[in-house]
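Each in C-alpha cells, the structures are laid out below.
Look for chain A in each of the two complexes below; its partner is chain B in the first and chain C in the second.
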Partner chain A sequence: MLDFLRNFPQYLANGMANGCLYILVAMGFNIIYNSTGIINFAQGEFSMFGGLFTYALAVSAGLPIPLAALLAVLATGAVGGAMERLMIHPLRRAGVLTAIIATVGASIFFKSLGRVFWPSEAYKVPEFTPGTFRLPGATVSKQFLWVTGLTVVCVALVYLFFSRTRAGKAMRACSVNRQAATLVGINVSRMSLYSFVLAAALGGAAGLINAPFASYGMGLEIGIKGFTASVVGGLGNTFGAVVGGLVLGLLEELIPGFLNVVLGVSTGYKGAVSAIILIAVLLFRPQGLLGRGIAEKV
Partner chain B sequence: MEGDGKGARRVPRDGGVPRGTGDTPGRFSSSARSLLSIIRSYHLFLGLGVFLALFPLWADRISRPLGIPLVMVMRLVGIYTIAAVGLNLLIGYAGQVSLGHAAFFGVGAYTSALLCLKAHFPPWLGIPAAVAVSAVLGFTVAPVLRLKGHYLAMATLGLGMVFFVFMREMTWLTGGNDGLRNIPALYLPGLAIGEGRDYLRKEYFFIWIIALLVLLFCHNLVRSRSGRAMLALHQSEVAAEVMGVDVSWEKIKAFVLSAALAGLAGGIFAHIQGYIDPNLFTIVLSIQLVTMVVVGGMESIWGAVAGAGVITFIPKVVEALPKWLGEVPHWLEKYSNYEGIIYGLILVLTMVFMPKGITRGLADMVRYRRSPFVNPWRKKALE
Partner chain C sequence: MLEINNLSAFYGNIEALRAVDLWVRAGKITTIIGANGAGKTTLLRAISGLVPTRYGEIRYVGTNIANLEPHRIVRMGISHVPEGRQVFYTMTVKENLYLGAYLRAGRKRWREVAEDMEFVCHLFPALEERLGQEAGTLSGGEQQMLAIGRALMSRPRLLLLDEPSMGLAPMVIRDIFSCLKKLNREGLTILLVEQDAMIALSISDYAYVMRAGKIRLEGEASELMGKEEILHLYLGEEDVMGG
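Let's turn to the complex of A and B:
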C-alpha cells in the first residue's frame, strides 16, 4: 500500500498524458457522431496515420519536426475526407448495421495499409524536445508538457470553431436535427465531410503527440479507449470528452497500479481495464458521467 | 430459393403438391407426397449433401495441379460455417451486431483442449462441454444485449478484448502466449477420426456432417416462432414488443445460440489443429466471422456457407497464384501483409455495392431480373 502511495504522483502524470490523447480521439468520435449519427470504428486508425506520417516526414524525409507534424495532421485530415466521400457519403441512407460494418472494414483496410508501408512493430517518432525532468514523486518527460499544451490548444481551437464560425454553428445545428438543418439551407452532406476531416485531424494530432512510438497496430487500442472516453463523458457531448479522457486516463493507470502493487496481479491485465470500464459505463450509465438521462424517440 | 427469409415468405406453402404441372393431388400416394414435400423443402440441403459427399472423390485429383489441398481447406470451411451460421442468426436475423465472437470460439477451443489435456476427457465429451461452457458464458454476458446498434458493437468488441487478455494472462491455465500443444486428435467411441492415412478425409466428413446438422437446425429455427420473432425485432423492436414478442428474451436466445455454435466450431478447431494459442482468437477472427456473414449474405442460412467458403478460400487462392501463373510480382508473395487490405475492401465494397451479400444479391438477380449491385450514387427522388 505504501508503494502504491509513493508511486501515486507518477500514476497521475502518466494518466494525465494518456488522458490527453484520449480527449483528442474522443472529440473526434463525438464530432462525427453529432453530424452523421455514425460511430466511426476507424477513428483509432487516424491516430495511427498521424504517428506514421510524422515518422515518414520527420525521420524518413528529414523535415523539421513542427512542419512534419503539421503536414501529418493535414494529410490525416485528407484521409478522413476521402473516407467520407468514398464510403460514408454513398452509405448516408443505410442502416446502423451497414455503417458499423463498413467503418470496421475501413479500419482493417487502413491498418493493413499502414502495415504494408510501415511493417515494423514500432517506429520511433521523435519527441519535440527530448529529455525528462523531475517533479516531487514523479519523473516526467518533457514531451508531457507538449502533450498537455497541444491538447489545450486543440480543445480551444475546436471550441472556437464550434462557437464562432459559420461552419461550426451549422455542424451544431446538424447535431440537433439534421432534417431541420437541411430546411434552413445547411448542406448536411458537406457538414458530414467537414466533421470527418476535423475528426481525422484531431485523431492524427493524438497519434503524433503519442511519441515516442507509432505502429500499424496502435489503432484498435487507441480507438476503443477514445470511444470509452467519449462514452464516459457522454457520447455526442464534444467537451464532455475532456472530462471523459482525463477520468479514463487516470483510472487506467490507478486501477492496474493498485492491483499490481497491492494485490500482485500481473500488469498484463491492463489491456482489459478500459474495455471493462467501457462495458460498465454503457450498462450502468449510458448517458455518461456528465449527461442527463436520455429519452428515446420511438 | 428456400434459403432466404424474404423469398420464402413470399412463396405460399402448399402441402408439397407440385405446382404448375396440372397434377391432381390424388396421383401420388400420401407417402410419396410427403417424400416429395421433404425433397422440395430441403432440395438445397440434398444438393449440398450430395456435392459434399462426392467432393473427396475428385478433389484429391485436382488438388495437386491446383496447388490447394481442397479437402483440408474444406474442413476449415465446415468449421467456419458452423460459427458463421450462428453469427448470422444473431446479426442477420436478430439484427444484433457482435464484434467479439472470437471470444466464444476461443473459449470453446480452450475448454475442449484443457479438458482433454488436463482431465483426460475424450474429445467427443470435450466438444459438447465446450458448447456448454460457451453457451453459459454467452448467457453470462448477455446483459450487453440491452445496448443497441453502435453501443452493442463497441461493447462486444470490448468483450472480445477482455476475453483475449484473460486467455493470454491466465498462464497457469492456458499457457499464455505459448498456447497449448499436443491436443488429442478427434475420435468417437470405437472410431478413430483424426488418425490413420486418410485422416483428413475422415475429419472432413465428421465436420461436414455436424455442419449440415447445424444448418438444418438453423434452417428450421428461422421458420419457427422464434425465428420469425427475431426477424420482427430486427425490423422494429417496438412493433415486435407490441405484437407479443419477448424482445429481450429472443435476443438472449439468439446470442446464446450463436455463442454455443461458435464454441462448437472452436472445440472442433482445437482438435483438428492440435495446437492453440490466444493470438488465434483476436479481433481479427471476430472480424473474419462477421465478414463471412456479411459477404455471404445476412438473413440467409446459405449465406453463411457461401461466406465461409469465399473468405476461407481467398487466402489459399492467393497463396496458390504463383503456381498457376508461374511467376507473380514479388509484392504478392507475402499474402499475410495484404490479408487485411483484402478483407477491409471486401467489407466496404460489399456494404456499398451489394449490401445484402452474395447469396441474397444473386437470388434477387435471378428472381427479379435485376442487377445484383446497387448504385449508391443514384439520386433518389426523395433525398
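Let's turn to the complex of A and C:
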C-alpha cells in the first residue's frame, strides 16, 4: 500500500498525459456527433495522420518541429474536410446509420493509406523538447508540459470558437435543432464540413503530441480510448470530454497501479480498464458523468 | 407576392400535397386552415425548402423557388416560424435572436442587427427581460414570441407561421395575434397556418381551407367567418371552435 502511495504522483502525471490525448480525441467525436449525429469511427485515424505527418515533415523533410506540427494539424484538418466532402456529404440523404458505417470504411481506408506510405511498425516522432525533469515523487518528461499546455490551448480555442464566433454558434444551433438551424438560414451541410475539419485537426494534434511513436496501426486504440472518454463525459457534451478524458486517463493508471502494487495482479490487464469503464458507464450512467449535452436536452 | 401553382409533394409514396394553387398578396395576411394532417405544415415546409416538391412551382416575387436550398430561400426574404416553436433550447434568448440574423451577422452589419434586436425587444418586452436566459426556461408563450422574434431577425418580407397558437392560453394567443396584426400593418406579408380557424380568420384578409392535401375552399376571411356550417364540413367541430 505504501508503495502505491509513493508512486501516486507518477500515476497522476502519466494519467494526465494520456488524459490530455483522450480529451482532444473525445472532443473530436463530440463535435462531429453534435453537428451531424454521426459517430465517426475514423476519428482515431486522424490521430494517426497527425503523428505520421509530423514525422514526415519534421524527420523526413527536416522542418523545425513547431512548423511541422502546425502543418501536420492543418493537413489532418484537410483530410477531415476531404472525407466529409467526398463521403459524408454525398450520403447526407442516406441517413445517419449509413454514414456511420461509411466511417468504418474510411477508418480502414486511412489505415491502409498510412501503411502504404509509412509501412514500418513505428516511427519516432520527435519530442518538442527532449528530456525529463523530476517532481517530488515522479519523473516527468518535458513533453508532458507540452501535452498539457497544448491541450489547454486547444480546449480554450474550441471554447472560444463555440461561444464567440458566428460559425461556432451556428454549429451549436445545428446540434440543438437541425431543422430550426436550417430555417434561420444556416447551411447545415457546411457546418458538417466544419465539424469534420475541426475534429480532424484536434485528432491530429492528439496524434502528434502522442510522442514518441506513431504508426499506421495507432488509430484503433486511440479511437477507442477517445470514444470511451466522450461517453464517460457524456456523448455530445463537448466539454464533458475534458472530464471524461481526465477521468479515463487517471483511472487507467491508478487501477492497474493499485492492483499490481497492492494485490500483485499483472499490469497486462491495463488495456482492459478502459473497456470495463466504457461498459460500466453505458450500463449505469449511459448519459455520461455530465449528461448528454445539448443534443439530447430537448 | 407568392404564387403557388399546381404544387405536389410526396412523403415516400403518400401524396401530401395534391395540385395546390395558392396566392399570397403582398401586405396581406393569408391563412390556411384545416384539420390535423391536412397538409398545411407540408405546404409551409415546401415553401421554405424543407420538403422537396415533385410537380408545380412556387413563384416568389417572380422567381420559382421550388426546391431551392433553405438558406437561399431565407436570404430571399422568406422566414418560417416552425410548428412547435423549435427555439434553440440550450442557448440564450439573445443567442437565439442573433442566430435569426445569421445570414447578415457575418457581413459587418452589426448596427442593423442591433437595431433589429431592439425592434424585437420592443415588440415583445417579455423577451427583453430575459435576454440572458436559456430559451428552454421560457414559458410556451415566451418561446413562441422568441420563435417569431428569431424569424423577424432575418428581416423577412414574407413571414410563414405554423400553428403559433398551439398549446397556449387564450390570453397569450390574443397577445401574439395582435402583434402579428401590428407587424402586418407595418408592411409585413404573412402566411399563417392554423387549426384554430376562428382566431386565424379574425386577423386574416384571405383564407384557404385544406383537407387531405388539397385546397377545398377559399375566400375573403370575413366571408368564411360567416359560413361556420361549411367550415364544419371540412374541419370537424372542435377545430372551428378552436381546439
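Before moving on, here are some points about what is shown:
Rule of thumb we're sticking to: the second predicted complex is superposed on the first by the 288 of 298 C-alpha atoms of A that agree within 3 Å, B and C clash if a C-alpha of one lies under 4 Å from a C-alpha of the other, contacts with A are read in each partner's own complex, and residues count from 1 in each chain.
Everything below uses one rule, namely that contacts are C-beta pairs under 8 Å (C-beta built on N, C-alpha and C of every residue); 3 or more make two chains touch, one makes a residue touch a chain.
Values in this document were obtained by computation on a predicted structure and should not be read as measured data.
Legend: residue contacts after superposition of the two complexes on their common chain; A:286 is shown touching chain B, with no touch to chain C. In the overlay built on the shared chain, the residue A:39 is in contact with chain B alone; chain C does not reach it. By the touch criterion stated above, A:102 is placed in contact with chain B alone, chain C being left untouched. Judged by the touch definition given at the top, the superposed model places A:272 against chain B, while chain C stays out of reach. In the superposed pair of complexes, A:180 makes contact with chain C only, with no contact to chain B. By the touch criterion stated above, A:149 is placed in contact with neither chain B nor chain C. Within the superposed three-chain model, A:172 lies in touch with chain C and out of touch with chain B [touch as defined at top].
After superposition on the shared chain, chain A has more residues touched by B, the comparison being chain B against chain C. In the superposition on chain A, the residues of chain A touched by chain B in one structure and by chain C in the other are 298. Remark: chain A residues 38-39, 41, 87, 90-91, 93-94, 96-98, 100-102, 104-113, 115-116, 119, 220, 224, 227-228, 231, 266, 268-269, 271-272, 274-276, 278-279, 282-283, 286, 298 touch chain B in the complex. By the touch rule above, chain C contacts chain A in their complex via residues 48, 50, 69-71, 74-75, 79-80, 82, 86-91, 95, 98-100, 102-103, 105-106, 136, 150-151, 153-154.
Residues 166, 169-170, 172-173, 176-177, 179-187, 294, 297-298 of chain A are the ones touching chain C in the complex.
Chain contact summary for the complex, chain B toward chain A: residues 91, 95, 97, 99, 143-144, 146-147, 149-151, 153-155, 157-159, 161-162, 164-166, 168-169, 238, 283, 287, 290-291, 294, 298, 337-341, 343-348, 351-352, 355, 376-377, 380.
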